[in-house]
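In the two assemblies presented below, chain A is common to both, partnered first by chain B and then by chain C.
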Partner chain A sequence: MNNKAKEPLIHLTKRGTVPVRTAIMIRIIAVIIALIVCAVVTGLTTGINPIEVYSSIVSGAFGSVRKTWITLQDVSILLIISLALTIAFRMRFWNIGGEGQVLMGGLGAAACMICLGDKLPNAVVMILMLISSLVLGALWGFIPALCKAIWNTNETLSTLMMNYIATQLVLYFTILWEVPKGSGKIGIINQNSHAGWLPQLFGSKYLLPIILAIAVTAFVYVYIKYTKHGYEVRVVGESPKTSVYVGINVKKVIIRTMILSGALCGLVGLILVGGINHTLTATISDGRGFTAVLVSWMAQFNPFAMIATSFIIVFMDRGAGEIATRFDLNQSYGDILTGIILFFIIGCEFFINYEIHIRNHKNKEK
Partner chain B sequence: MENTQPVLSMRGISKRFDLKQANTAVDFDLYKGEIVSLLGENGSGKTTLMNMLAGIYYPDEGQIFVKGNEVTISSPADAYRLGIGMVHQHFKLVDVFTAWENIVLGMGGKYDVLSAKAGIKEICDKYGFVVDPDKKIYNMTVSEKQTVEIVKVIFRGADILILDEPTAVLTPQECERLFEVMRNMKKDGKSIVIITHKLNEVMAISDRVVILRQGRYVGQLETASTNPQEMTDMMVGHAVTLDIERPEPVDPKKRLVIKNINVTDIEGVRKVKDVSFYMNSGEILGIAGISGSGQKELLEAIAGIQKVDSGSVIYIDENGAEKELIGMHPQDIRELGVALSFVPEDRLGMGLVGNMNISENMMLRTFGESHKWFTDRDKPKRVAENVVDVLEVSTPGLDTPVRRLSGGNIQKILVGREISSHPKVLLTAYAVRGLDIGSSYKIYDLINEQKKKGVAVLFVGEDLDVLMQISDKIMVLCDGEVSDIVDAKKVTKNEIGLLMTSLDGAAKLKEGADGRNE
Partner chain C sequence: MLGFLAFIPRAVAQGIPLLYGCTGEIVTEKSGNLNLGLPGVMYVGAISGVIGSFFYENSVGAGEVNAALAILIPLLCSIAGSLVMGLIYSFLVVTLRANQNVTGLAMTTFGVGFGNFFGGSLIKLSKADIPSISLSKTSACFRAQLPFAGSTGWFGQLFFSYGFLAYMAIVIAIATAFILKRTGVGLSLRAVGENPATADAAGINVTKYKYIATCSGCIIAGLGGLYYVMDYACGIWSNDAFGDRGWLAIALVIFTLWKADLGIFASILFGGLYILHLYIPTGMDHMERKELYKMIPYVVTLVVLIFTSMRNRREDQPPQSLGLNYFREER
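Then we have the complex of A and B:
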């Protein structure tokens, strides 16, 4: 026992439970470091004062009352899609089909507005819009779930493919319903009668999605944590074998959960078409079905944390638009900054899960 | 041999996880060419201690010496470099790769297939392993996988081997083969640490026993001069009786009648062939048989989880009303009071959810009972508190995910849950698999308590001694068929062994008995 061994310079240990305060501190530090790195990158590559860039990002999101409302509305939309996907994710069912499910919901709403808009009382039209968008969204969740339940197909692929089908369907109906003929787009539906336009709450056209988002957040939280269905979802996700052993009908749970997931996405389609855009395009979801996957994962499938993650994404996105116009940079520059910030936010999870010990002789006394 | 310095020694090793002190100032020595048993109750820190040698964990305090030099083991690669190899309880193999691919995997550098295979063959011949290097892992039995793991560590030059509960998943025959190999390795000068709970194995294989209790070293014994009683007392910390009681059945009534059950598995193999028997209330029916003789399928068929080709399972309640269970939903069968606790080889796979906490795992049994939308969270919590309390589950709290607990504690939760559902029929398989002595006897007591309450118990076990002590009757399965149902008080171990291995055994025994009668 002669030569003394050295403690390694760095070694990692997995943390057990992390106090919430520590976890939040680590995340805040990560954001601060991210902002510093962004500032350095901005300064070096564009020569623009980073402080100005940051302030215009903030003003892009909150610069005026209208901008603030739009930011909140966008957060709500992204949040609802993320929550919808989360229900499936908790079952380890990787629903990448949010995009298609939203589109189908939108298609359902648009179809009711166009075909029934001036023929039925407005209240009836709206109820039919709600039903058809929920049903079509649910159908787009149901089909991959059925394939998974019966043939154990890979849901990542099938939900992804369903997106393409939805896009093509919407394109087909766009031509069918185009106004004016030959324009290749539907234009504002029922511009004069406003038939099927979702009501404005308290005189604000932005409030409806926000209130819905709050309701859906609470619903998904309670559903997963406190209901029997939610419990089954988690058991199936964690251990299909155990599910069978305790008598859970795994196929039924998969199908039921995906119907719910798809229907919530369909609801977003309804809001987009009936409440915000009043038209239908194949890009109405604007990639949010995919962004929501990131939002859900970043929040570690926690509905309340998802409010924060969807906010960050929307905030940066709106800010990026602002700096693009103000400094004559393009939108991509904002995306680069978003990328850097996300890298730090996601990367800091490592430091939350692991503790790093650096060799230090002072520590030895502990 | 022992006068030389140890090949491995640990001094003052401590390790803390979050809230739990796993090891406190443990000293441990291992000499060349010896087999040491590391003994301790579930959660006493045996695996943690060994994991620090294998480079999985890094000790908070203490020193490790290999052949006299202090070393730092901060990764499994470091451990291999020092000639330390560990075979974990849960195998670390890539399922879709072949045996030889798994063996060379991660060794770095270049290797050529032929010389790798030749090297493997050489090891096999030398120590008596049987491995087909081209067989895929997913086609292997548990025993074969274990062999691959051992060959893997030897192939990488380990001369200090650590085996973590290697026999927990093996049949008695496979154990014997493993011990043979271990003796060969010992002869070759390798040093082996084996973690096990089975005292007869400790007696059979090891030279020395090191005992841990609650993470501390409590002493060591020379195997030759000790006995199971002394080891158990040291391990538990107070005197324990090693007898299983067998209360006389009170007022036995037919509770479950199984007639001509046939089960075919997914691959089309007939697993259960025309099995008929009945179970009485207040009796324990033991099932003996080589593992894979249809025990699992039979139990699952009764519980409604396994599809049955033909046959019937009649449940008779206290009032004599009969009910056919075949075709009923598993949930409904359970509500009748038929509880199944099957402890699988990997312990977690069936019946528990690793990432959920203890209360939520208790909920698995009860959540379906009420027909409300919301789950009842109070009842499972009370059950959890009760199980943790009665079975002395060592856990930081009820909110700890069960995968963080040690294997034995996980099992206590599973068996405890089934028993706390107040069943009328209790089907239990391998209830003490991998459990330490203290916990095993606690489980036997619990099962006997159920028996006294009038529960019809079906007890599938591996240890014939225990089976013969606890059961009233023993049904012996051989290749999916019933070879005989015998009185546990009159049968001998030999007779059961014969019945287990061949159906003719029954005929032979009868002949023998007839012969004696004449």
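Then we have the complex of A and C:
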């Protein structure tokens, strides 16, 4: 190694503060480059004109009034999960368990609908659904948090395992409750009585999740920024030592925050089961617990920026579905495009955080 | 006894993909990179091999396949595919210092999508009625057993009844353990994972070590995907069949406390747990209990995770800088 003799051409320094404008510009450039790369990849692998692909992505997301509503509904669902995880992420608690927490929430709601559906007044059923989905979601956040607080168990992996345990539990109950026997699925719950179906707001079945998402966004923003709890979460995230020093009970904060995070995910389970699908499957969360991690991180844990990032992801996903049907491709194509775009967005953070200086060798030689 | 004898080879076959993934992830994590993209890498390793052998089998047509080519082509394709994934991850994480969790999850999204997309496309190309690709000729080469396997009774069944990739997995695991524990390269690699600043001061090229460890880790993990398709699944690719094994492999790393040689036994144990539900009698009217038995590997992992964190011994800890990126000028 003769590092002394040869100075590296590129020299990096960490930037202090970056003007918001520059940061946004860099991100926009990254997305544009990503879209160009996606176009090239599409052209090379499938031989389809990329412009056609993009136009069908747009029509897949906004092609009709119904598609637009579904897109907005999907954005709301993803947004609530991302917000739920964000509370934990601000504490540097890597909650990868959104998937399981959503499933447990859905399980709680479905259990009330199936077991109590026609036996109690509808309003009581709904209150019980709300309680049970929040409690089960919170429980799935509580267990990893308790282990983290007491024994410092790695939360990335414990929450991950909790996902699979939740999946198997849901599969167990799916077979227990299957209609008809042997079909392996529950089917629409209370199809005739509509017991436990969440009410439609203003005559539209899509509005409830959207309104809830707006409420949760405002709540999480205020909670993190303006409440004592939120302050404690941020201090624990920035420096556990400082929080001990200023007298914050770190264990309590971890557990309390994860209960809230899990309960919000449970709420999504309630919306999915009681408001949208009216059935329970093990794939009801559809990987959104993982996608939400990316959504939250891409938004730099800012609740309002998350509206934009979850929109981008859902937009691509819905568009990919359209491509799949129109060009007879496979639904997974959307994952590839999303992956490429993510790589660029992840990579561009470097250019926001670091400054690159290229050494001018000519001057030295003279 | 007979049932148990039949159970062990199946547990081993089930455990080998986990072993590859686990060994690969140990190598990666020893350099301080927590690669959550492992499930994606294993998908890419599998589908790359499938693509290679698909086109080779088609070019041969109805004729006989050359055994050496039938093995080499998928093997090299798989290695190339995983290498590219490793390079993407290393570039983002080591060079661009991106967040490791997020990069890993994006890799998993990309890799699983890549696998299912090209898998789906090949299925369409082959115009089969069933949604899967069958590469029986290539698989036959991969599954070729030692000639004396059949004639040695239960002993042969237990030890010689696997394809060559299974033995390779064990060899790689032992070699990894040896290199990490006993050689200078391993010492340097561990230093990079524990404290890159110190390693850098000692004259170790941190970037180079991180790149090489991550990429070779990905290649090893990708072979697990290849083994799954070519040997375990008898050359049949169907979308999403690989499932959650990648995540289990990551969990195994913790289970084994970052020791590659322990991984051999741990992965076979996990393989056994994974298929245990097939051996627990439930009766026809309680099929739902099978789903609970399928929970066992995850519950065991969780319990082990909690126990290792409870014991909290110094030598059982993850590499100190795991998950953190190194920037030389920030000390």
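We adopt the following convention: the second predicted complex is superposed on the first by the 347 of 366 C-alpha atoms of A that agree within 3 Å, B and C clash if a C-alpha of one lies under 4 Å from a C-alpha of the other, contacts with A are read in each partner's own complex, and residues count from 1 in each chain.
In this text, a contact is a pair of C-beta atoms (placed from the backbone, for glycine too) under 8 Å apart; a residue touches a chain by one contact, two chains touch by 3 or more.
Model, not experiment: these values are computed from the prediction.
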Contacts of A:Ile175 with chain B and chain C, given as first, second, both or neither: second
First, second, both or neither for A:Asn277, with chain B first and chain C second: neither
Partner chain(s) touched by A:Asn302 [first = chain B, second = chain C, both, neither]: neither
Contacts of A:Cys147 with chain B and chain C, given as first, second, both or neither: second
Chain B versus chain C, judged by how many residues of chain A each one touches: C
Touching partner for A:Thr68 - first (chain B), second (chain C), both, neither: neither
Partner chain(s) touched by A:Lys228 [first = chain B, second = chain C, both, neither]: first
Partner chain in contact with A:Thr13 - chain B first, chain C second, else both or neither: both
Where chain A meets both chain C and chain B, residue numbers: 1, 13
Complex contact set, residues of chain A against chain C: 1, 12-14, 94, 96, 147, 151-154, 156-158, 160-162, 164-165, 168-169, 171-176, 287, 290-291, 293-294, 297-298, 328-336, 338-340, 342-343, 346-347, 349-350, 353-354
Residues of chain C touching chain A in the complex: 34, 36, 88, 91-92, 95-99, 101-103, 105-117, 120-121, 124, 203, 205, 239, 244, 247, 250-251, 254, 287-289, 291-292, 294-295, 298-299, 301-302, 305-306, 309-310, 312, 318, 327, 329-330
Residues on chain A engaged by chain B in the complex (per definition of touch): 1-8, 11, 13, 15-17, 226-229, 231-232, 234-235, 238-239, 241-242, 244-247
Sites on chain B touched by chain A in the complex: 17-19, 57-58, 63-65, 68-72, 74, 304-305, 329-331, 334, 340, 342, 348-356, 360, 363-365, 367-368, 372-375, 377, 404
